[in-house]
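Before anything else, here is the set of structures, which you'll find just below.
Shared between the two complexes below is subunit A, which pairs with subunit B and subunit C, respectively.
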Partner chain A sequence: MLPFTYALRNLFRDLSRLAQTVGGSALVVLLLIASVALNQGMDSVLSASGSAKNVILVGKGSEESIERSEVHLDAESSVITSIRGLEEQLGTPAVSGEITYQAPIRTASGKEDQALLRGVLEKALLVHRSVRLLEGHFPAPGEVMVGKLAHRNLGVDASELALGQRIYFENEALNVSGIFTAPGTVLESEIWFDRNDLASLTQRDTLSAITLRMDNAEFDDVHVFTLQRNDLELAAIREDVYYSKLGAFYQPIKVMIWVTAALVSAGAIFGGLNTLYAAFASRIREMATLQSIGYTRGALLVSLIQESLLATLTGTLLAFLIAYFLLDGRTVPFSVGTFTLILTPQVILTGLAAGILLGTIGTLPPAIRCLSPSLPKALRSS
Partner chain B sequence: MAFISIRSLTKSYTKGKTSVTPLENLSLDVPQGEFLALMGPSGSGKTTLLNLIAGIDTPSSGQLEINGRNIADLSQRQLTQWRATHVGYIFQLYHLVPVLSAYENIELPLLLGKLTKAERRMKIQAALDLVDLSDRAHHRPAELSGGQEQRVAIARAIVHHPELLVADEPTGDLDRDSADSILTLLQQLATEHGKTIVMVTHDPKAAQAAHRTLHLEKGQLINNPRQ
Partner chain C sequence: MKFNLLLLTLATAVTLSSCGDKKDINTADTSLNISGSLQSLILSEAPDGAAEIAAVRKTAKKGDTVTIQGKVMGRKDPFVNGRAMMMLGDPNKITSCDLNHDDGCPTPWDVCCDDPDVIKASTLTVQVLDTDGNLIKEGIKGLAGIKELSQLVVTGTVADGSTADNMLINATGIYILK
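What follows is the complex of A and B.
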């Protein structure tokens, strides 16, 4: 085997080539880990938002979108009286009729953007178990409670949605009475209204959906209820299934993320390969000299791979540092909520694997080309 | 018995659609410790013969025995191992590894064996002393003159004590003084250390330093006189 110092020193033969290789691999790895983190973040926020114990009752035909759904107000009491085995707390069944709405909200600074609004009563906390009030209180009429990440959806500073601040909806001013968290779920990006407030502000006399939490009841019990009470025109869908279908809705976006990452990476990989071809081509005679001394082609290939790995792993490390400072913990808003980019072990392993593959498989074509000429011919090359 | 024994050696290959035969039916004996010079015009087959003797290339037919072993029958892998032990190659343009110091360049053949670091250091120091470059051990090739580079290349070629040294125009890129000192060194290696040396040269003065000079033309030896 050739000494490791040979591979190490070869790295610094041409600093511009080294910069290209390190920069190219950093770009590829960064894009890859960003793509994985984006997709993972989106998947995890959607999967965490749904509970297998919760069932959503929506208007028949609106199973794909709660916002389009309309459910009669009376349906809520019918659910409570007809379905046995629902969770209860201090005699209150975990059934929450809610209005879900997407509309522009204006903050005190005058900035207006689309927000996810949910009209609820206090019993909503019985079904949305991840929700925790961080400060303030549940909204009374004329008040709203905002999710910790709602400001990201509105594109404003968190201070504009702080306790005591005012927001404007349909020319009505509403006080922020509470800040809540619902870690890792889409709820954390929502603004919760008093249900009656939202009903009157949006001039609707129906609910969007009823969410209920099962104890010893089963989904089939709820489904049978929807069939028996055909007059209410309801459809039941498990909450986790609803959010997983929502995830499928975002599949084309995920594909676009991968395609974009793949296209930019392909450019960087071809650029990197070109650099390696040029770097190795100028060393054909040196490789031949080492073979004439007695080093096998295999030993030389290992040394070339070591050299490339040093460069690509440096790039990988650079990508991790950039990702750590620029991506990790950053929240990304999307239409139904906000998710956080996290450098999970899986994301880090994916980046590391990419760096190793770039340094090994990516090195093979130029290395083989450099080592393949016959020895007499290679010794004559300039 | 000759150290190098060549019988009916032919090397041919195809270039495009043409068949080229740089060496044809060549026979030659070189005794151990001889310093042999090969001369001839460009394309006469000198370097091809040198590469065959060094195990860099393989013949198309014929017998090529070095120290009693027919290297024509060896596989590429066996040839590589054989070169590592038995041959030292000296190139016209030195072919030193630019990122390694003189010491590290000389160490390269030794890293193929199982010597300890201390044993390697001893051998490298001896080789450096022989080529009179001990004070330049930690200089990189770019920091050495052409003559010094060639001395390092010679030290690298002899450090593992091969019986055979092959040199392809070793003085072709040097000024007269440096060339003379390299030739003196090669003479010393043959006479005092018993190395068998085959040198290709265009320079009649370099050839004069050898014990014997052979002339090749169109792949054939045109005379074989002992000088």
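What follows is the complex of A and C.
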């Protein structure tokens, strides 16, 4: 075997080539890390947002979008009296009729952007168990409670949605009465209104949906209710299924992320391969000389792979450093909420595997081409 | 270089192969394990005098014995997976999307092209109770081949919970037209 220092020294023979290989592999690995982190972030926020114990009752035909749904106000009391086995807290059934609305919100600085608004009563906390009030109190009329990440959706600083600040909706000023967290869910990006406030501000006399939490009841019992009360025109959907279907809705975006990453990566990979072909082609005689003094083709191949791996793994390390400082923990707003990019073990392993594959499989074709000529022919090559 | 192109093509194909439509979990096949109590509902001959659903909705009262003819439709999920309950619609008043030319609707039984008020007035719920008056905890889908858009003749009585806006039939017999 050739000594490891031979591969190490060769790396620095051409600094521009080294920079190209390291930069190319860093770009490929960084794109891969970003793509996996984006997809994982979106998936995890949507899957964490739905509970298998919660069922959402929406208007028939609006199963794909709560915002389009209309549910009669009376349906809420019918659910409470008709469905047995719902969870209760101090005698209050976990049933929450809510209004969900997407509309522009203006902050005190005058910045206006789309936000997800939810009109609720206090019993909403019985069904949305991940919600925890961090500061202040539940909104009374004329007040709102904002999610910890709502400012990201509005594109403003967190201080603009701090306790005591004012926001404006439909020319109505509302005080921020509380800040809540709902870790890893889309709720954390929402602004919660008093339900009656939101109903009057949006001029609607219906709910968007009723969310209920099952105890002994089964999903089929809720489904039966929707057929037995056909006059209410309701459809039942498990909360986790609703959010996983939302995930399917974002599938084209995910595919686009992968396709873009693949196209840019392909450019970087082919650029790197060209560099390697050129670099190894100029070393055919050197390889032949090493063979003539006793090193086998296998040993030379291993040395070339070592050399290439050193470069690509340096690029991988660089990509991890960039990802750590620029991507990790960054929140990304999308239409139904905000998700956080996290360098999970899976993301790191994917990046590492990509770096290793680039250094091994990517090196094989140019290395084999460099080592394949017969010894006399290789020794005569210029 | 050809080898690299092949590798890249394979990688792209593997990545994109997961983009197909997922099977809707609500339409899972429930044709297995149909019990005797439900099997005994199936009639070998069509009952006489089957009326249209829209007409029955206007005239029938609680406790009346009725025979109706309809099609399994009226909503996206006309069956309850683990309960003997389904929705029937009046094919003379509402049209399943498969009968509309060039309609690629994956759930034609939801009659999404019809007016919601007409759908509401032209559908009813059929349920099967056990001897104690409780809803049987078994799905009807798959019973003798019953599925969405099956045309059925159902005999039974108008259930206690029925109102002018909402009709439930306690089925005592089902005949499958097609």
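As a working rule, the second predicted complex is superposed on the first by the 382 of 382 C-alpha atoms of A that agree within 3 Å, B and C clash if a C-alpha of one lies under 4 Å from a C-alpha of the other, contacts with A are read in each partner's own complex, and residues count from 1 in each chain.
Throughout what follows, contacts are C-beta pairs under 8 Å (C-beta built on N, C-alpha and C of every residue); 3 or more make two chains touch, one makes a residue touch a chain.
These numbers come from a predicted model, not from an experiment.
In the superposition on chain A, contact of A:Lys111 is made with neither subunit B nor subunit C. By the touch criterion stated above, A:Asn230 is placed in contact with subunit C alone, subunit B being left untouched. In the superposed model, A:Leu375 lies in contact with subunit B only, and not with subunit C. Looking at the shared chain after the overlay, A:Leu290 reaches subunit B, while subunit C stays out of its contact range. Contact with subunit C, but none with subunit B, is seen for A:Ala266 once the two complexes are overlaid on the shared chain. Looking at the shared chain after the overlay, A:Pro3 reaches subunit B, while subunit C stays out of its contact range.
Contacts of A:Trp258 after superposition on the shared chain: subunit C is touched, whereas subunit B is not. In the superposition on chain A, the residues of subunit A contacted by subunit B and by subunit C do not overlap at all.
Interface residues of subunit A facing subunit C in the complex, by the touch rule stated above, are 60-61, 63, 218, 220-221, 223-224, 227-231, 233, 235, 241, 248, 251, 255, 258, 262, 266, 269-270, 273, 361-362, 365. The touching residues of subunit B, counted against subunit A in their complex, run 47-48, 51, 54, 56-57, 77, 80-81, 83-85, 89, 91, 95, 97-100, 104, 107-109, 111-112, 156. By the touch criterion stated above, subunit A contacts subunit B in their complex at residues 1-3, 5-6, 9-10, 12-13, 285-286, 289-296, 374-376, 379. The touching residues of subunit C, counted against subunit A in their complex, run 1, 3-4, 7-8, 11-12, 15-16, 19, 22, 25, 74-77, 80-83, 85-87, 110, 112, 116, 120, 123-125, 127, 135, 137, 161, 163, 165-168.
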